[in-house]
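Next come two complexes, and both contain chain A; in the first it sits with chain B, in the second with chain C.
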Partner chain A sequence: MTQRRREQLTAYLYLAPGFALAAVFVYWPLVASTTLSFYDWNLVSPIWSAVGWQNYRELVSNRVFWLALVNTGKAALAFTALNVIAPLLLAVAVMRVSSRWRDVYRVLLFSPTVISMAIACAVWLWMFHPLYGVINSSLRLLGIQGPAWLSSGDSAIWAIIIVTVWKTFGFNFVLYVAGLLAIPAEMYEAARVDGASERQLFRYVTIPLLAPTTLFVLLTTFILSPQNLFVPTQILTQGGPNEASNNLGYLVYQLGFEYFRIGYASAAATLVFLLFLGLTALQFYLAESRIHYGR
Partner chain B sequence: MAGKERAIHALLAVTCLLMVSPMLWMVSTAVKPPGEIFAGTFRLWPEHPTVQNFRAAMTQVPMVRLFWNSLLVAVVVTGAQAFTSALAAYACAIFRFPGRGLCFGFFLATMMVPFQVTMIPNYLLIARLDMLNTYAGLIVPQVVTGYGVFMLRQTFKNLPGSLVEAGILDGATTWQILWRIVVPATRTAIVALCVLFFINTWNQYLWPLLVATDQHMKTLPVGMQEFVSLEGGTNWGPLMAAASMAIVPALIAYVIAQRYVLESFVTVGLKE
Partner chain C sequence: MTIRLLLLALLIALSATAPAADAADPVTIEYWHINSPTFGGPAVKELVQVFEAKHRGIKIAEKFQPGVYTGLMQQLQVSLAAKRPPAVAQIGYNLTAYAAGQFPHVLLDKYRQSDPAFFKGIPDNIMALGNLSGGLHGIPFGVSTPVMYYNPDLFQAAGLNPDQPPQTWADLLKVGQTIKDKTGKFAVYLQQPNDEWIDQTLIWGNGGRPLSEDGKRVGWDSPQAIEAMQMWQDMAVKTKIAANLTWEEGLQAFLSGHIAMCLTTIGRQDHMRKNAAGFQVRAVPVPRFGGKPLATATGGNVLMIFATDAAQEKAAWEWIKFLLSPEGATIWTKGTGYLPPRAELATDPKYLKPFFDEAPMMKAALQTFPYAKPWVSFPGARGLEITKILIKAREEVLEGKRPSEPILREASQQANALLPR
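Now for the complex of A and B:
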């Protein structure tokens, strides 16, 4: 009895440091952010005024908020195609080549992941340069007049999406490769003995056994998307031209640290949190129902 | 069949080239003299390679100081994250106590909170504690990571139970069991995780951008942005030279440990 008591007490002691830090720097900010969202405050003034739902009302009637939401949605769709599905297909492809070549491809594809996004963005800023950038000078070789990537309202958000895809592709690819390596070879052999075609192997062995990896990739891709969009937005366009490339990751920063409207920015942050919480829950729900009742 | 394999190689090679091309272009610009940088034509290796951009990079921003700040922050954060993760993961994986699942969920759920949501209150807290432009301000808010607790708990759970029992029979304390048995037995996974922590912290941008506004407290990714839009336009040559130098530590860490990183993904799995 006392033995068990002591074990429990020891466990809590081991948990304490992480617990305290997470409480102070993750959970408390969540509460504080929600509280701040009901105030009007400019970061330096001693005056805080409670404004009720005013910040939220202003936000939903702000054109830029909806623009940021639409751009984040565009990014999410692009990420699903290019950072969730494409790495999966490429990981399946890389399993077909000899393990020596597989290592080479893996190292090269993962390399953008280890570079600082801010530094990479400085390089991309140069590559997107309308006159001297490598992208447009290569296009010119093909006889194509490239767009003014970052200063045109139509292409700016896509430039940001391209950079983000480039940066995060390799991580998901390696996760899939790891997931594929963990599938026992006997599973495929058994299915082959039963006369399954390549396509059926993919559909009925690979996809279901890879489901936990896919769920993890989906979740991290979506949850990290505001964060991943922030750096390219800040360095490449500052949300411009005329807010055309603004997104939820950048908007919170812009409202808080460029316009110094802390309460307003916190309202945006709170909405971002609720939105992503909802999406996460939805993904879990869909994944659960597929894994339990699907085929 | 051979044709199919060739098509796969072609697909992979083209994707790899696309992924690596920004790095190639960065180095290419870094060794070009100004005349060739603004030639507006496609040329990978310059006619007259030069190191003048590297020299300019070293003098235009305090590169050494920025490098040191980044290194110090990355090393301390990595060590501290590994330490707190190991302790919490140890408790969640080995001990039995009421609320164990709940505690694990508490750490896991921190991964669901986008950074944008916590950054304003954390900034205000650090400002109120007078820790803006200090190493503590850069480091302390990020020494706990749900990802670390998650990965290490999976690793520790995969250890054979007899290993820990042998320690108990020898009369070792739980603290000794952790450091003399559990950690050495899982060192590959721990090293891999530390490499990921190091790379992440080394590359961080938003938090240092908010906390370190003083030139001498900036980290490399933040300090380097000085080159962008200096008076008279961006200094592309020195900027690319600085970028080339700045990515070296993370690349070295990756090349050394890339095998372990993949192995730990495979063995830990992402089940549960």
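Now for the complex of A and C:
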């Protein structure tokens, strides 16, 4: 065996455990699920009936599927916007606090990220209570009648978005703090010498120099957002009222584990997979070509 | 060396998964239930303790399943797919047709011959709840009726007599308006969990049927159903005397004194009594529709056996026999408020008479019991979707963007298409 071949073999051996895990837990389920999407099966019955493209046809003519798609898009956009703006402003604010308090704020702001989503939802369930929850009670003090957050079709999806943003913004916040620390102090000094105001510093120094961080945050947040919707949907609204807060991830669960139409759910899962495969490919392309950390 | 270590690890792993062969070991069976800590959970623990003390050879691993009966069904289906089902599980009456039709389980008719004593004292109309399409699929365990709990303090605050709660919906609308005007609080909350028990109760109550007698059509687009659901919508949207809240929100709001009346199961009477904040909760039968007789959907569950080997099945049957024995049923009824399937226990001074004497809210359930109608379990492989269609229709009705008629008409069309022909 030549030296080169031996090196190649070693490389494959090192890759094997990782690949084996991915094969068992990612690729095989992917193949199995796609196969299932052409069958009608309830998870228990010994009979799998082949139905061809029927599950896909039924799905695209199902109002709930399109509603879930729109809701997922709506949530992803709102979630991404909020999860970029809030962490950015908070990071800038925290950097202005005296260094003694800075760490305290960082810990406080990061803490929602580390608690369990289920527990966070249980807490928010009471904060959203329309009669005496802290949110509507505060709104009442301002003379505003808050919505019945979880039982109104207009607000249910927003309740889920709010919880999800609150739960996940800490991660982007840390990225922004790191991004801000990486901006050389001389940049600000030079701008100040040129007579720039604080607002101009933020607009013409901070924002442009944070661009790589922002792009990274934008892309990862957008792709991850639909995955973050499941737990709050399950705990807070079960997709209701009348499907108003349903979304793609929850729909797959609903079809599979509430109606036990595993083939139908697999068809939905396959479509969702293809959609996100496309988005991820776009993300890879953008990340490769646009994010440069060089000075 | 590495290979030897690997082999050793493999051996250890195999020995850990091999079933214990020692016959002296007790049989452990899993019992799945929906009894959360606030809904009969402590009673389940007590039942297990008493049972295990009497049956040394059997251990009960009781497992609470969240999400009420629908949640339990989901976990059950997954466990059946993994071929590791619990030995015994509670199946809600609204899901018995689906479970009996779709899940592999043990038919219980054979025990009628081997254990005739067990079946004595359970009335036929109750036993019928577990008897579907010619076989005995489950033993009725929890039997509950909806009742109307109310907060006498709020009645008093509104200048109403707390000893005269509304008996008809027309009364309730009047009383409700007074409560709202005088106290600023909501008058009533009808339970809104992820099931359609109260919805079916309203349909039955107004003289309709959730499902036609031949099982070919749902009855949600009947004038009676439309009228009943329209009344609920008007209370929630027009007069705003009814609160439109999620189930957890509604229950808490009632217990903390923000809502005067609450329609839910008698199975919660213990929880209501212990958790009502600063008031003495009372209960009466749910309101009637004008001169029509009272009619309510029967809640609760049957116990079905999913055990796949003989030892497990035997233990499962012993456990079920205990749960329905006078001793077991007494613990169960005291801890939950479910009515005992053996009706005579309610008047037996050795068992439940003292409890019924001291729990005045139970009277509401006993008064309702003769008028109990089935909680219809929609037949066929798509039965669970049909249930969900009714839940979604209710949610849309309560949002109040359209009147109930077109909503229920569309929902009925969808549901009828899913019923077996």
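Rule of thumb we're sticking to: the second predicted complex is superposed on the first by the 212 of 295 C-alpha atoms of A that agree within 3 Å, B and C clash if a C-alpha of one lies under 4 Å from a C-alpha of the other, contacts with A are read in each partner's own complex, and residues count from 1 in each chain.
As a working rule, contacts are C-beta pairs under 8 Å (C-beta built on N, C-alpha and C of every residue); 3 or more make two chains touch, one makes a residue touch a chain.
The structure displayed is predicted, hence computed values, not measured ones.
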| item | value |
| --- | --- |
| First (chain B), second (chain C), both or neither touched by A:Tyr132 | both |
| First, second, both or neither for A:Leu141, with chain B first and chain C second | first |
| Contacts of A:Thr80 with chain B and chain C, given as first, second, both or neither | neither |
| First, second, both or neither for A:Gln283, with chain B first and chain C second | neither |
| Which partner reaches more residues of chain A (counting touched residues only), chain B or chain C | B |
| Contacts of A:Leu150 with chain B and chain C, given as first, second, both or neither | second |
| Touched partner set for A:Phe257, first chain B, second chain C, both or neither | both |
| Which of chain B and chain C A:Gln238 touches, first, second, both or neither | second |
| Contacts of A:Asn62 with chain B and chain C, given as first, second, both or neither | neither |
| Chain B/chain C common contact set on chain A | 125, 131-132, 257 |
| In the complex, chain A residues that touch chain C | 42-45, 125, 129-132, 148, 150-153, 237-238, 240-243, 257-260 |
| Residue numbers on chain B that touch chain A, as the complex places them | 5, 8-9, 11-12, 15-16, 18-23, 25-26, 29, 37-42, 83-85, 87-88, 90-92, 95-98, 100, 103, 106-107, 110-122, 124-125, 140-144, 146, 149, 174, 199, 202-206, 209-210, 220-222, 224-225, 227-228, 234, 236, 239-240, 243, 246-247, 250-251, 253-255, 258, 261-262, 265-266, 269-272 |
| Residue ranges of chain C touching chain A (in the complex, touch as defined) | 70, 74, 77-78, 80-81, 102-104, 186, 192, 194, 243-246, 248-249, 252-253, 256, 258, 381-382, 384-385, 388, 391-393, 395-396, 398-399 |
| Interfacial residue positions of chain A with respect to chain B in the complex | 7-8, 10-12, 14-15, 17-19, 21-22, 24-30, 32-33, 36, 90, 93-94, 96-97, 101, 105-120, 122-127, 131-132, 134, 137-138, 141, 166, 169-170, 174-175, 177-179, 181-182, 212-213, 215-216, 220, 223-224, 226-227, 230-231, 234-235, 248-249, 252-253, 256-257, 262, 265-266, 269-270, 272-273, 276-277, 280 |
